[in-house]
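Both of the next two complexes hold subunit A, though its partner changes from subunit B to subunit C.
Entry: the complex of A and B
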């Protein structure tokens, strides 16, 4: 009825009339603005902050520095980050002080009058520099930090914030006994989320102790918990509102501006204060997606069967860990790519540098991981002289195999990678041999496969509340925020399907309020359909049971005789005997006026099951409820003289389990493809030799623009149901981007005859690679 | 050209109405539309002319409202997304699912509307040339380009005395 239909997003009409309101659109008159003074050095000692001139500036109400934060340290995993720099700044753009004033202009004028004396210190600007003996330490007090969400393994006296491992089988011997072994080094730069809406937060502290927060956040319930802990107050007093979000991509999971706005409000007696990132600040001060360096060794026997692998990854966490240790474990969990490998030795180091810190970025480390694995697979295929498609098909992981973390796979848990690979190859008209197109141009294809599970905490929860309006329509309340993929609409579709009723009669709201909406862990990891869906299904069962209970009295039968559909409760054997929702939604009234029942209110609650933390030594554990597998590919037209290229065709086949909303799913995947190709072809956060951000605006931080996208998209899905998910649906929100950079690099490596082992693949980089080949 | 010192009341022609606003000389049209007139459909994305999320029509031509001073908009006809009511452009965006988070949508709609009014016979490359002023981070752009093509096509048909069928149910 609703699942499997291309339903318009519930909030769609308002997005076409300018009436959809995002956080900054909901500001209030008279609110104070906080502007941020940021560090002009990658690493410096703060000698002195002279607040006097700023404080005297017209309209300025307060100047806030680290002294006002009373030693507070923040961090999702490891509490290593002061909200405002204390004695030292650790990245260019780090917040040092806030100037709170009547308006943004007054606040910025105040910042310009703030005088901060710095003593520049030597900075570590690459993971290699950070790992050298006697390198300057980003965090000399590393062992003193509280571990908020273990596991995390900081190494005191080094720049290593964490190390995560996979040890399975005997990689050393397996590689020694292999017929063919390839080894390669990869370098991927940090990237920005560049959501079109920059991050912002408003905080007001009321005299009764309540703290009212409005924020651009994917994790309103995390904001609630962290603020309560940091400010030593009840969670119930922290009320976080998350309106529609203008794009997120993981960048709005981090909790940064909310804390700054809280400190600013506290400094002015609790008055409402707003802090809104300008684009430059959003790029420089707020976290990015991690870059990495990786070395991978992969072996095969003489029949082309994978034997063993070694992988070492150095994740550039920047100045603070944020979610990097969790990203490191996500990389460990799927470190083989979607292939059967029994002998694995993987180490993922989270390394501090004096870069802006990193956080989740669409795919939680899986896009760079997929790049590393899939480039290595292509190299191995080339060494063996076999078709890379056939090698991937032969190596594809299958039910009854175990993952690197020793999860035994079932068809339901895994899906069907071979089918994805075959269909992607068909859509691409797969041909691994580059074709000369004349005038120095060559046409070439690249393929890559992907897999991902959620790497979510073992106790992630989700809830749903359904209330009935008197007329018999339904209100559905869930805790996911809405930033594009249509999570609210999906939840409504699942409910409409279960109750066999029109989706137009189900009302959702896209503005989350942590005080009234049930918790959803975070709107991340593409988990919303699964987790919220499970809670919605349970809430629907609750509603059905209540409806039947009242209807049974009205219709003088047993509840077991009844069915629910089309907003009616009816006798199974005679549907013409029924009572409509509207007669029982708010209780049933007899002709003489007396009533039974009451408002029908359904509740559903879900917690992920059987998820465990990974073993510190071997990585053994269960990182997520199920996998999404897929295969993606591109065909490029490359000019060997100018090194310019065009992506002609982009192909994606994901195992979606069940496609809940075909056109939305297709759109989310096409958007993912575009983002993946943007990352692969032009995106990089660049730093000067001194560690300053070199491209802090959208003119110099290049993202894909209209007309630059793949000329043709071929998007398809296979459907192997995940049996414990509503209607079998698997996560697919992040996945459209995951294998695209790898597929692009595989195609361009073939086209240009060079090894494209770094990103972004700009014409300049390709020219350099071609020059190195000739030298 | 008038000079504005400190704050001054000005009159703007917005969406067919004459609206009073108190502005400073340095205020951009975007700031005034959003904070003085409550028209938050135009979005700040970069305030540097790079992303196009703030695009409005000034005398029917797309202008990035972050790059125009409010004082320069006197005696000009300004239209924001709030001034569009059930246009073919909006319907085309809806039918093609040409947006996800919706933040860039107002800007794209206004560029598309500017194209429709000024260059309704624009070929594909010219359409792309116009749309390149804007950035969308969610879609694959193909949806937006298809919507714009449709919006223009319906305009051309209208000029020839033909009409497209009304917005049908969503194609799957």
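Entry: the complex of A and C
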């Protein structure tokens, strides 16, 4: 009835007309504004902060520094990050002090009058520099930090914040006995999320102890828990509101501005304080997506069968770990790509450097991982002289194989990669041989495959509450925030399908309030459909049972005789005997006025099952509920003389399990394709020799503009149901971008006859590679 | 948001603007003339630029001129790029202007602001460098027209303190001649140039007149390149000897890559202008 239909997203009309309200659109009379003084050095000792002039500045109510945070350290995994720099600053743009004032202008004027004396210190700006012997240490006290969410394995006296491993089989021997072995080095720069809406937070501490937070967050319940812990208060007193979010991509998982706004509010007696990132600040001060360096060795026997692999990844965490150790384990879990490999040796190091820290970025490490694996697969195919498509098909992981973390796969858990590869190849009219198109241009194609499971904590939960309005329409409350992919609409579709009723009669809460909405762990990892869907299904069953119970009395039958559909409860054997929802939603009234029942309120709750943390030595464990596999490809037109190119066609085929909303699914994948191609072709967070951010605005940080995208998108899905997911649907929110940079690099490598092992692939990079080839 | 307070004034005569500037300067202020404000606003947002006083010159009618007088096309320095593009009085100029920034920003940027601002590319000047252009200046030297070549040296307009760029002019006949413009960026359609070349046929000469931006620290008329191209192709000319300085080396492109792009662009330009350029 609703699942499988292209339903209009619930929030779409107001977004379309501009009526939708985002966090910074709301203003509260009398609210104060906090502006941030940020570090002008990548690494410096803070000698002195002179607050006097700023404090005297007109309209300024308070100046907040690290001293006001009482040694607080934050961090999702490892608590290594002071909300305001303490004795040292560790990146250019790091918050050092807050000026709280009547208005934004007064706060900014106050910041300009704040005098901070720095003593610049030597900085490490790349993982290479950070790993050198006697390199300056980003965190000299590394062993003293509390581990908030193990596993994490910091190495004191080094810049290694963490190391995670996969040890399966005997990689060394397998590679030694291989007929063909390829080894390559890859370098990928950090990337910004560049969401349309910059991050902001508002906090008010009321006299009764309640803390009211409004924030641009993907994790309102995480904000609630962390603030309660950091501020030593009850979770129930922290009320977090998350309105519509204007794009997130993982960048709104870090709890950063919420803590700063809390400290600012506390400094002015709990009055409401707003902190809203300017674009420049959003790029420089708030976290980015991680870059990495990687070395991969992959072997095959003389028949082209994969034998063994070694992979070493140095994840560039920047100044603080945030979620990097979890990203490292996600990379470990899927380090083979979607291929069968029994002999694996993988080490992922999380390395501190003196620049802005990294956090989740669409795909949680899988995009760079896919780049590394899929470039290496193409190299191996070239060495063997086989078609890269056929090699991938032969190597594709299948049910009954085990993953690097030794999870045994089933068809339900994995999906059908071979079908995705064949469909993608068909859509691309696959031809691995570049074609001369005249005038010095070449047409070439590249393919890449992907897989991803969702790395959630083993106890991630999700809930759903359904209330009935008197007329028989439904309200659905879930804990996900809405930042574009239509998670609320999907939940409503699942409910409409289960109750066999029109989706227009289901009303969703588009804003989250942690006090009234049930918890959803975090709106990340493309898990909303699965987890929320499970909770919604359970809540629907609860509603159905209650409806039947009342209806059985009204209709003088057993509840077992009844069915629910079209907002009616009816006799299975005679549907013309029924009672409509509107007669029982708020209790049933007899003709003489007395009533039975009451408001129907359904509840559903879900916790992921069988998820375990990974073994510290071997990586054995069960990281996520199910996989999404897929294949993507591009066709490029490349100019041999100028090294310019245009992406003609971009192709994506994901195993969606079941496509819940075809139009929205296509839109999400197309957005992902564009994001992947933008990163592949032009995006990079750049630092000067001194560690300053070199492109701190959207004039210089380049994202793809309309007109520069692929000329044609071909998006399709295959449907191998994931049996434990509502209607079989698999996650697909992140996946559209995962293999695009790899597919682009494979196509350009073929077109230009070079090895594209770094990003972004600008014409200058291709020119350099071509020059090296000739030299 | 701009954090610092500054005084904003909008005189409606040239004399008023210049007197205001001189007066403020005498009082130790550091006034700036304001055109579209795109550089002032972006600089002030990040705190890199903190004017105490700005003088908006867009209300002065002389800066709004767009007319033909005595056989010369006159373009006021206060016209926005978008306004010039809408009237399209000189196709070669439109071609250049249409690639500066994006549509929204072009409604702000003025012709004069693009020429005298601190962003070094100043691509709007390129077509003017190809012909007998003149500029109208107002300041200590009075209200005067001078040849562009006399005051546009080493990539920027040499103005005295407080002197105001009022308008530019070119022979109207020139605006009907053909010409080509070619902009090359790092990758994006909207970006600063690695190289922008404007070219125009020259009567009795095999090689066109060439003006170049982006390659070095400021725009220049490439006379030495033109001469060299009489004897060798774009791929062979000894480029480093012919340029006023070494090509820029920055995040947009390395010096060697800019040189490569420039040679390619010359080839494109010569091809587009056809034989006997």
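The definition used in the following text is that the second predicted complex is superposed on the first by the 775 of 775 C-alpha atoms of A that agree within 3 Å, B and C clash if a C-alpha of one lies under 4 Å from a C-alpha of the other, contacts with A are read in each partner's own complex, and residues count from 1 in each chain.
Here, a contact is a pair of C-beta atoms (placed from the backbone, for glycine too) under 8 Å apart; a residue touches a chain by one contact, two chains touch by 3 or more.
Remember, it's a predicted structure, so these values are computed and weren't measured experimentally.
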item	value
Contacts of A:198 with subunit B and subunit C, given as first, second, both or neither	first
First, second, both or neither for A:681, with subunit B first and subunit C second	second
Partner with the higher number of touched subunit A residues, subunit C or subunit B	B
Which of subunit B and subunit C A:697 touches, first, second, both or neither	both
Touching partner for A:559 - first (subunit B), second (subunit C), both, neither	neither
First (subunit B), second (subunit C), both or neither touched by A:20	first
First (subunit B), second (subunit C), both or neither touched by A:707	both
Partner chain(s) touched by A:580 [first = subunit B, second = subunit C, both, neither]	neither
Subunit B versus subunit C as contact partner of A:40, first or second or both or neither	neither
First, second, both or neither for A:278, with subunit B first and subunit C second	both
Subunit C-contacting residues of subunit A that also contact subunit B	105, 278, 697, 699, 705, 707-708
List of subunit C residues in touch with subunit A within their complex	1-5, 42, 45-47, 50, 186-191, 251, 253-254, 257, 260-261, 264
Interface residues, subunit B side, partner subunit A - complex	24, 26, 34-35, 39-48, 50-51, 53, 80-82, 84-85, 90, 93-94, 97, 99-106, 109, 125, 128-129, 131-132, 134-145, 170-172
Of all residues in subunit A, those that touch subunit C in their complex	35, 104-105, 108-109, 111-112, 278, 280, 641-642, 644, 681-682, 686, 694-697, 699-700, 702, 705, 707-708, 762-764, 767-768
Touch list for subunit A against partner subunit B, complex	5-8, 11-22, 24-25, 27, 105, 194-198, 244-249, 278-279, 483-486, 662-664, 667-668, 670-671, 673-675, 697-699, 703-710, 713
